[in-house]
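Next, two complexes with subunit A in common: one pairs it with subunit B, the other with subunit C.
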Partner chain A sequence: MTTGSLTAGRTRFRLPRKQIPVLATLALLLVMYAIGVSQYTAFSNVQVIFNVFIDNGFLLVVAVGMTFVILTGGIDLSVGSVVAMTAMVSAALLQDGMPAPLVLVIALLIGPTLGLLMGCAIHFFEIQPFIVTLAGMFFARGMCTFISGASIPITDGFWTRMSQERIGNPQGNFVSISVLIAFVVVCIAAYTLAYTRLGRNVYAIGGNPQSALLMGLPVGRTRIAVYTISGLCSAIGGILLSFYTLSGAPLIAVGMELDVIAAVVIGGTVLTGGAGYVFGTVLGVLVLGVIQTLITFDGSLSSWWTKIVIGGLLFAFILLQRLIGIRYK
Partner chain B sequence: MTDSRPVLTMTGISKSFPGVRALHDVNFRLFPGEVHALMGENGAGKSTLIKVLTGVYDTDGGAITLDGEPVSFTGPMQATAAGVSTVFQEVNLCTNLSVAENIFIGREPRVFGAVRWGEVRRRARALLARLDLDLDVSAPLGSYSLAIQQMVAIARAIDIKARVLILDEPTSSLDAGEVAQLFRIMRQLRDEGIAILFVTHFLDQVYEIADRITVLRNGGLVGEYLTTELPQLSLVERMIGKELDVLEGIEEHSRRDLTALEEGTPLVAVSNFGRSGAVEPFSLTIHSGEVVGLAGLLGSGRTEVARLLFGADRADGGEVAVDGTASSLRTPAQAIDHGVGFCSENRRAEGIVADLSVRENMILAMQAARGWLRPIPRRRQDELVDKYVKALNIRPADPEVPVRNLSGGNQQKVLLARWLITEPRLLILDEPTRGIDIGAKTEIQKLVAQLSDGGMAVLFISAELEEVLRLSHKVAVMRDRQMVAQLANDESLDADRIMQTIASGSHREEADR
Partner chain C sequence: MNDTTSRYRTMIGHRLFWPAAVLFVMLAANTIYRPGFLSIELKDGHLYGTPIDILRLSAPLILVALGMTLVISTGGIDLSVGSLCAISGAIACMYISKQPDQNSLGVVLTALAMAMGIALVLGAWNGVLVAVIGIQPIIATLILMVAGRGLAQLITQGQIITINSEPFRAIGLGHLLTLPLAIFIALAAALLVAAFTRRTALGMIVESVGGNAEASRLAGIRSGRVVFLTYVLSAGCAAIAGFMMTANVSSADGNAVGLWVELDAILAVVIGGTSLAGGRFFLGGTIIGALIIQTLTTTVYAMDISPQTSLLFKAVVVIAVCLIQAPAFRARFRRRRRNVPPPATIADKPKEQVPA
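After this line comes the complex of A and B, so read on.
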């Protein structure tokens, strides 16, 4: 996996403590998969894994954006609403007959613009990210219902093609376009974090913002950038969601920001910032997806069990991070 | 030391803040290949001078030249780029990043925008080798001790074409061995022709390393001297601007008869008091009017003892008697009820509330003891605060100034006043004089002596043995989280004997986390 080499630049030969959470997530994922395979014969079908990606592609993209934010020690609560708003705006504009490319451009601009504004508010007015993005969350959700109180179906040709296109092998296994897009986003993000100054500044700010400032790093610019990136990722996630559902609905993706944060944290990114990898986030999203799949395969369990399991896992992982953090001192 | 042209000159530097004249008409020059100590009490203008030099502050007047060219930096980054690098007291690096990255972040070698990690590591290794340091450059910085982190900060500072290196109190949290290592590096850099501006409060260190000394007092220049031509006593006199006889007064006082004090019931007696992982069980008695010194190296468990006695950490076992009756010190609230006060060593994080005024900070502990439902009348507050501002000579003598505007020494005095107002029976002072200047230090020492004369018991923790010896009736010695000895402070006790006690039994470990 490309992102595996992310750890270049760090110790390669030992097992550094900061990578323990990622490895723990990987182990967990393998165990869950093994359980699935041993319980249900159909689980071993490769398409099961592909479906996890298809069903969670948009979540993965949004989680990648969130990884940037959390690495700086921030939080972005607006992502779920921005996803919904992007889908809503696309659906509404397409309904009005606007050509698809133009709709795409507009939809992809809204998220980063809101992110940029939130980042500026956080940086220039020194307001807690929690409050600023909470405001952003309410604003974006409000805009959804302002556009339409009811769900708007999408019938545009480009959208339906993107939705139905299957990229597969002769055996009949396939993924959607969304998965490819998500994969590209993951690769770009991983590269950015590992090999660019922007990425390294993100880690430095998460480690110690005061020091980062005194080392002459562009703290303000980087902070604004991560919220803009998160906004862009939410916008892409919103487009992917509208490919997936072929509609825009005002109350879709409610509470998604919390799933996203859970995925990032389970993926080993420390909430206080400074440590974590995009690869971990991919694993975190997969863990969430596999839990859902297991519960679907079981058939008798309520889907709320997903939440219960995620809650337990989240708690366990935060505890693990804390323990490592304490020993690290 | 060379006779060549100065690499840096500052002439006629003035700087005022609203209501304060921080610097007026100060001259300063720095030659290549010298270590130049900048000395002065807290508030003398050392930090301001450095901040003016590195462009953190604008000047109100005066000129700075670098290599003969007039310069005016707009910030530390620009100063660094021009070859004037600063390493601050607190290590300003990111412990979550690798050693190599800490040295190069912000100026990593890149190809098409991508950081060349191999090159970064190679250069970091070369640079550290120059400083004679053998580190794993890929390991996170946080896995090394504070001293090593400081050296990495220096490595970062000198990487570029640094010609002037400013070290702002780099030694305040290092132990003796680490200081020696730092000095070795400083000498080496000096020999390579780098001009080093060194700020410290430790006089001995100045005489060990500095070639030249500039003394500031109250924002003005006192003079520039060759270290060899300025005896230590003259230096101190020039720093505080008066003859130094106060210290001797204290000296006389302390060597009192311990046996007389130790008659009667101890104020606090603990036995088998300990906490696993923090400090081995110990026994200690403290009588009214007694000053018990606690000596030991950094990390030997001194602070842990203090925290146990104050109930900030809970002891695993052991007995506590207060005034001869069995009792307990399980929480700070209980300790305060028994009349115990605790001035933490970490005054910025655990003591001072920077945004509150001097008055509000002083009143805090007393208000807490009374309960929040019974506010202290403003007149009573003013009386108390006035009394202590005068008694402790707190400057500026304005109780409504936010504490953040005070110098470190004055903040420490405010913290002391906070506990003195509550009239504690046992006052625990953890490093009350660390990082403050000799004048304030003397005042605090004098105060401790007075308090004990007045019947207050004091547990005095300090890394400076001289100070412990000067004040204490009894010295408890800590080593490796054990209380290894309790020595009566009589004629036979001196710093050497305490050092021996600290050192004996086990080889000395460098504080390495």
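After this line comes the complex of A and C, so read on.
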């Protein structure tokens, strides 16, 4: 309300206030890329960008699902474990000789089912999302080790083909199929959020669940749908990860939920819900990927600098959101 | 008969009833499975036995959960405690490992003071982010959670630092009056926090800030300062817990120390009956919650199940306890039971709505 009266004063130059965090992320990404190009000659190779996508395709898909949840003002801590569980289940089933299409269907059903259950617990029993998804995280991670304590290799023909297939141009630049799948997911999610009734409901609930309910929007159904979507995205992410690593390991993707939340926040989505874009999340994932690439290129910096830099960036972006005056709790 | 039912109802309704019942059932199940579970024996002047082990191993979790209880009761949350454990342990071990005489008490005390000081500064950073800048607690502490792991690894240079210092080792494994020292440290911290919050007005002030920060500010309470204090306290508790964890193994590993302890601590607080929405806290419940979690872990080890699978049990316990405590679930359940004898219970219904 106060922001409205503030903006009214300066109509001359109106950067769309809502888009400032996304634009800042874009600027940061460009600056980081420019630094990389100026420091290392090999950085300007197009393949470097493609590699960022190849290495972070599964993260991107999971982050898209998390964007939905955070937009409604919730949080989903179970994503990392669900990714691991999906990879683990598909590896175990393939090892038992089940045909690949059936495995795909089963693996893709587990995540949404768990998400649906968590959404129901959150909506019907009014338990905090934080606690419910924490239990989901424990459950999925426990299932991983329950299936097998050691990592299971995948030798299935379909999986190896998906993993090794390179789609590229004659210059030798290529992307993997995972990247294309990730792109399809991003496009569908962006369309859903921007142009469908479900997307509008998500924003409305994030803005103010009380008024959304009074307006007659299906708050409960949307909330459950959002956690199911996040579960589905985690499942797809798990499949992509198993394409990438060609194995299922019980301790893979530990702590991934934090990377995902960081990517969503750096991408400009407000944690209290109601404001943010899928495009911002894509940028957030790219920022994380480019940081990793820069640190790899440098060679002298140790891996822990990644965490420190991500922490610093998180701080900077939250401060930025605060300064712009986007409504916080 | 009416008297006994009402007494029965107040007992069931007591905040500590369900957590205590869960703990009791778990201990009983263990004793049935392994009759020697509860036996304690005296060896070389020290008490040994599974119950003592559970107490000793739950000491760090109790400490972290104590700080977390106060933070949560202000309506916040502190995700950075695990990283703070790692940082404080790393600093203490780093300093001790550089000294010529690792067994000197002075060296250990200096190391502890230094690590504690830095942990308090980091806690103050959290406090400033939440109370002064007004960032959402979950995200403000997420920053230190992510960056703190990096800092801990930076301090140890990615190595596991091993030390050989008797006084430091005593924090985790020492004995006092036949019982492990760690139990007394946790107990002292719990009593101190309880005395400051329940014997003075501080506890009520914390709860009022959690209930409604703006209203309590208008009532003359410096809400910001109270919130800030809880984060500093939480960091202090985490630092002591970090000392215990590193002292237990006489080494500091920036990656592993205190990993996921924040989740366990939040769990302990919630099991103890403190609402994540803030406004109420139960220190006794938190301690029982921490004991439940440690008993669960010990049970899983004792039953020869893979330690990682214990997460599965943890998930079941979390869901069960949360469902039991969720008002919506209880109301649903009660309504179903009420359909059988309708007249007696209708009068009770408004009474139960009142305290909320």
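Heads up, the rule we're going with is that the second predicted complex is superposed on the first by the 311 of 329 C-alpha atoms of A that agree within 3 Å, B and C clash if a C-alpha of one lies under 4 Å from a C-alpha of the other, contacts with A are read in each partner's own complex, and residues count from 1 in each chain.
As a convention for this text, a residue touches a chain if its C-beta (ideal position, glycine included) is under 8 Å from a C-beta of that chain, and two chains touch if they have at least 3 such contacts.
Please read all numbers here as calculations on a predicted model, not as lab measurements.
In the superposition on chain A, A:301 makes contact with neither subunit B nor subunit C.
Touch criterion met: A:206 reaches subunit B, while subunit C stays clear of it.
After overlaying the two complexes on the shared chain, residue contacts for A:311 are found with subunit C alone; subunit B is out of touch.
When the shared chain is aligned, subunit B comes close enough to touch A:214, but subunit C does not.
A count of residues in subunit A touched by subunit B and by subunit C gives the higher number to C. When the two complexes are superposed on chain A, the residues of subunit A that touch both subunit B and subunit C are 328-329. Contact residues on subunit C toward subunit A in their complex (touch as defined above): 77, 129, 133-136, 138-140, 142-151, 153-154, 157-158, 254, 263, 266-267, 270, 276-277, 306, 308-316, 318-319, 322-323, 326-329. Only residues 76-77, 80, 88, 91-98, 101, 105-106, 108, 110, 113-115, 117, 120-121, 136, 138-140, 142, 156, 513 of subunit B touch subunit A when the two sit together in their complex.
Contact residues of subunit A toward subunit B in the complex are 8-12, 16, 18, 191, 194-197, 200-201, 203-204, 206-208, 210-212, 214-217, 274-275, 328-329.
Taken together, the subunit A residues at the contact with subunit C in this complex read 75, 121, 124-128, 130-132, 134-136, 138-139, 141-146, 149, 250-251, 258, 261-262, 265, 271-272, 302-308, 310-312, 314-315, 318-319, 322, 328-329.
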